[in-house]
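One structure coming up, written as structure tokens, with questions to follow.
By written order: A, B and C. Residues from 1 in each chain.
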Amino acid sequence: MSDNTKKERRKFLDKGLKLGIAAAIGGLGISKITSKLNAKTNHNSTDKMELMTVDGTLIEVDSSEVMEVQHAEDHDKKYNVREGMPNRKFVMVIDLAKCKNALKCVSACNKTHYITGENAWLKVHKMQESKDTAPYWMPRTCMHCDQPACVTVCPVDATFKRRDGLVLIDNERCIGCRFCMAACPYSIRVFNWEEPKQGEMSEITMHLGGETPSPDYAGMPSRKGTVDKCDFCPHSIKNNELPHCVTACPNGVFYFGDKYEDTVTNGEETLRLSKLLTDKAGYRLLEELGTAPSVYYLPPVDRLVDFEKGLEDYNEFQSVEKPE
Amino acid sequence: MKNRSTSRSAFLVWTTGFLFCLGLSNIYAQNDEKYRVRLRADYVKIMEGDAYLNIKATAKIEDETLPVPNLEIAVYNEVEGEEIILGNTKTNMKGESRFLLNKSDLKADSTNTFNLGISFKGNDSFKKASKSTSFKDAHIEANLISKDSINYLTATLKETVTDSLLVGEALDVQVQRLFRPLKIGEEFNFTDENGTILVPIDKGIPGLDGNLIIEVVLNDSDSYGTVKAIVNAPVGTPIVDESTFDQRKMWSARNKTPIFLLIFINLTIAVIYGLFILLISNLFRISKN
Amino acid sequence: MTKYESLINDLAPRKFGKRGTIWTFILVVIIIIGLIAYIDQIRQGQVVTNMRDYALWGIYISNFVFFVATSFVGSATVAVLRLTNNSWRTPVVRIAEIISLASIVMAGFTIMIDMGRPDRLLNLFIYARLQSPITWDVIIIPTSIILSFLLLYFPLLPDLAILKKHHLKTKPTFSKWYGKLSLNWTGSKAQKAIQSKSIKIIAIMVIPVGILLQTIDAWLFSTTYRIGWDSTNMGAYFTSGAFVAGLGALITVVYVIRKVRGLEHYITDYHFDKLAQYLLVTCLAYVYFNINEYLIPIFNAPAEEEIHLNALVYGDYAGIFWFSQIVGLILPILILLFKKGRKPLPMLIVGIMVVLGSWWKRYIIVTPTLLHPFLPIEGVPESWHHYFPSIHEWLITVATLAMALLIITLFVRFLPVIPIQRTAEEKGLLKTDKKAES
């Protein structure tokens, strides 16, 4: 009797162990397979997309996470890209007393517009009028002049001045004669001497936004043999958002607004433009040429930080970061 | 003997079961890669307008706080311990969503406080999260008055249900502008013992057709959320359009060429090419002769 | 053979000898190489040049300006000399007309080479903005091409008829073509009347159109704010320079053709002397403009002008600047002041000096200004602070010059380089109509 029981016990033990191990292995196995399956569904599109967040940083998100947004069509109806927004006149005020050459504005602009050449659209100059006067950092954008020399000389109407003050470029029409570049006294225009190394990124962003390339989206994409420049980010200001250089600046150097509203803001402070210019003696660059720029400068008085601090990031021969 | 076999089988069963459970638990265990979502829900009420919840979803990914788009958020009203679903919404590309609240759907508790909550079920990349917000209903009555040829904006802040005046609350008075509103008045306009503020409107603020849209805002109050009253104040200076877009200038479009250029160039071309036609016809005449 | 027949024999175009064939062959090779370089430029973009965002115009533009200036020779010799009754001009007018036409055609090609998007060439016509100086250029250059062609063609008609007869037996196909192109010219009174009136009209037109061409070319620069370009002088300065460049080119080409074709009896020392005096006067006028342009700003020297002038006089561009002034202007003046200097061989040297000086002078006008902008050159690679043309630019530019020479060569091959009919008339060799002076 005991032998039988022993045998039965052994059999039971055997069976039990086998069953147990099988179960354990099975369980582990299933879990591994499931996690692998999970992993697959998470990354089955190895497509990761680089997207621009609002503050100008690039993040990688899975393509599957990204969805096309239905774009409200009605506000586009009355908007003609060569006329611009009615009853607006965009101006920028740059406070030279606050600029520390942090160059965050330059990076944000370069990233937003996919600038891949060797000349940035927004640059910060190291200025010193004479050896006895104070040196200072001067960011300079396109001045969007009210009497633009560049527009006057364009033979094909590729660059144009809008009602809302912006001067934009239609890079589908530009013939690459570079007369506008010769005419601009501020040397802000850049030329695409070769095929822009923008890759697929800009096309993807355009499709995500549901928009087609237009002068409102400078640099998206850029075309070989045409001219580019700062556009005051109409793609942003159209949606009541400030241009990227304004939001990227950590020192509140850039103020932007509508001159007809007499209000400019740097994101934090919102001020009356007329009062700002009177109180701080605003001026414009190369005023004597008569170009009537839309960018005002506030003199570098009562500097918050020493000029020398800015020399750390100063690179005389580079304004666009090279990709690794 | 029987005990030994029983205990052995029991041991076996337990071990097997334990191992099995371990294995199974792996399937249901949370993935460590999931991020934590931070939700924000802010109540905003526009006088004589909508009331809504401003929902924002962010997550810390690689030391950066980034907005999270496309999250399914459920919005509910907590009434006597129950969660009454008000609706669902999805965050947009910027991780934000605006959920319109229907006044009639909302139920307050015994203290006249509305308790709302939002929750996110969690998905493959993000853990579940929720946030609740409570507020009482307040309202602002704002008016434009004129005294001694100075224009003032006056506003009274009251709690709706009790109709009691709210004293010592800071209100912002600002003119609606394109990017950020322009503040007028003091930095903090505190309501006096009548729950009222009186703010002079600066002269010379430009507006479309002289019309200013002034907002009186109770900003992000702990008890009442954000309440905003909007007043149309036709006391601004009208905007004068300085654009030369419609004028014939050297920098205008090609359909707005200055007259003297049009005349001079076309005249010159006409004369020269007229003579060309004459000369070429002369060639033909010579040939025919 | 009568004097008349020997005249025709001398002046009729001849087949190329060995020299001519080799010369043409070399030109064609240079052109093909330039074409290959241009195709590469289209493929890769203008990155193959050394132009960058600051030196945004380079030798393509200065070469263009040179061609435009040289094309003025038609106005200068044919029209101006005609209006001032300088009858010695007869032997050189045909060459002048040929150079004029070749230059202005090449100017049209050269400017297209500088376009970043030549595939959008039609935009210049479809979307033309009348406010732009380039549009004025787009109007005036085709106009000048047509006018230069007519200036060459009308006086050519009698010569074509003569050649038709001349080749009737020996080269029948040529004869047929000459006949067709001569538009059935018989020398009848009616035809002569039409021709004479037409040439009068053309001669009067070609001066204002020529000056307009030079002035619009100048306005490409003086309508900008840049130091060295923003000058009220520019239009007159360019016109004066065009006289010099055109005459220099004319003298050089005249000497070569005279030598190669043995035309010493027709283009004599007297003609060289006269051309030399013309060149001298125009060079003196040009010196006057140069003094106004370069010497006077040194007087009050606003800061930016000073930087620019220093670069020209002492700095990076001093070599080229002084070469173009001394070799291109001062030395020729000194040589031309002496009778011995106005003889054919010294004139060849003067002509070459003037042409080289003129070409480099336009380089001085275009590039240094662009490298002295108002705001500092920053944020760009160090190489962008300088400009010297790349291999592609040189190959293409030399090819355009070769093409101009090829056009001249082909014209010389097939057309009489000295007007036969007119020469015959002036020498009284025609038995019929003594009246006609076309």
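Operating definition for what follows: contacts are C-beta pairs under 8 Å (C-beta built on N, C-alpha and C of every residue); 3 or more make two chains touch, one makes a residue touch a chain.
A quick note: this is a predicted structure, and the numbers were derived from the prediction, not measured.
Here A is the chain whose Cα centre lies closest to the centre of all protein Cα atoms. For the interfaces A-C and B-C, the C-beta contact count is higher for A-C.
Most remote from subunit A, judged by the distance between CA-atom centroids, is C.
Centre-to-centre separation of subunit A and subunit B, using mean CA positions: 21 Å. Note: centroid distance subunit A to subunit C, computed from Cα atoms, is 50 Å.
Put simply, the C-alpha centre of subunit B and that of subunit C have 67 angstrom between them.
Of all residues in subunit A, those touching 2 or more other chains are 149, 152, 157, listed in ascending order. Residue numbers of subunit C whose C-beta contacts span two or more other chains: 127-129, 131. For subunit B, the set of residues touching two or more other chains reads 250-254.
The touching residues of subunit A, when paired with subunit B in their complex, are 2, 5, 9, 12-13, 16-17, 19-21, 23-32, 34-35, 38, 41-42, 53-54, 57, 59, 65-67, 69, 82-83, 87-89, 146-149, 151-152, 157, 160-165, 237, 240-242, 256-258, 260-263, 265, 267, 270-272.
Contacts from subunit A toward subunit C in the complex involve residues 118-120, 123, 125-127, 140, 149, 152-158, 173-179, 181-183, 185-187, 189-195, 223-227, 285-286, 289, 315-319. Chain contact summary for the complex, subunit C toward subunit A: residues 44-47, 49, 51-54, 56-57, 114-118, 120-121, 123-124, 127-129, 131-135, 138, 220, 223-226, 370, 373-382, 384. In the complex of the two chains, the subunit B residues touching subunit C come out as 250-254, 257-258, 261-262, 265, 268-269, 272-273, 275-276, 278-280, 282-283, 285-289. Only residues 1, 5, 8-9, 12-13, 15-17, 19-27, 29, 31, 61, 64, 66-67, 69-70, 92-94, 124-125, 175, 177-183, 204-208, 239-245, 249-254 of subunit B touch subunit A when the two sit together in their complex.
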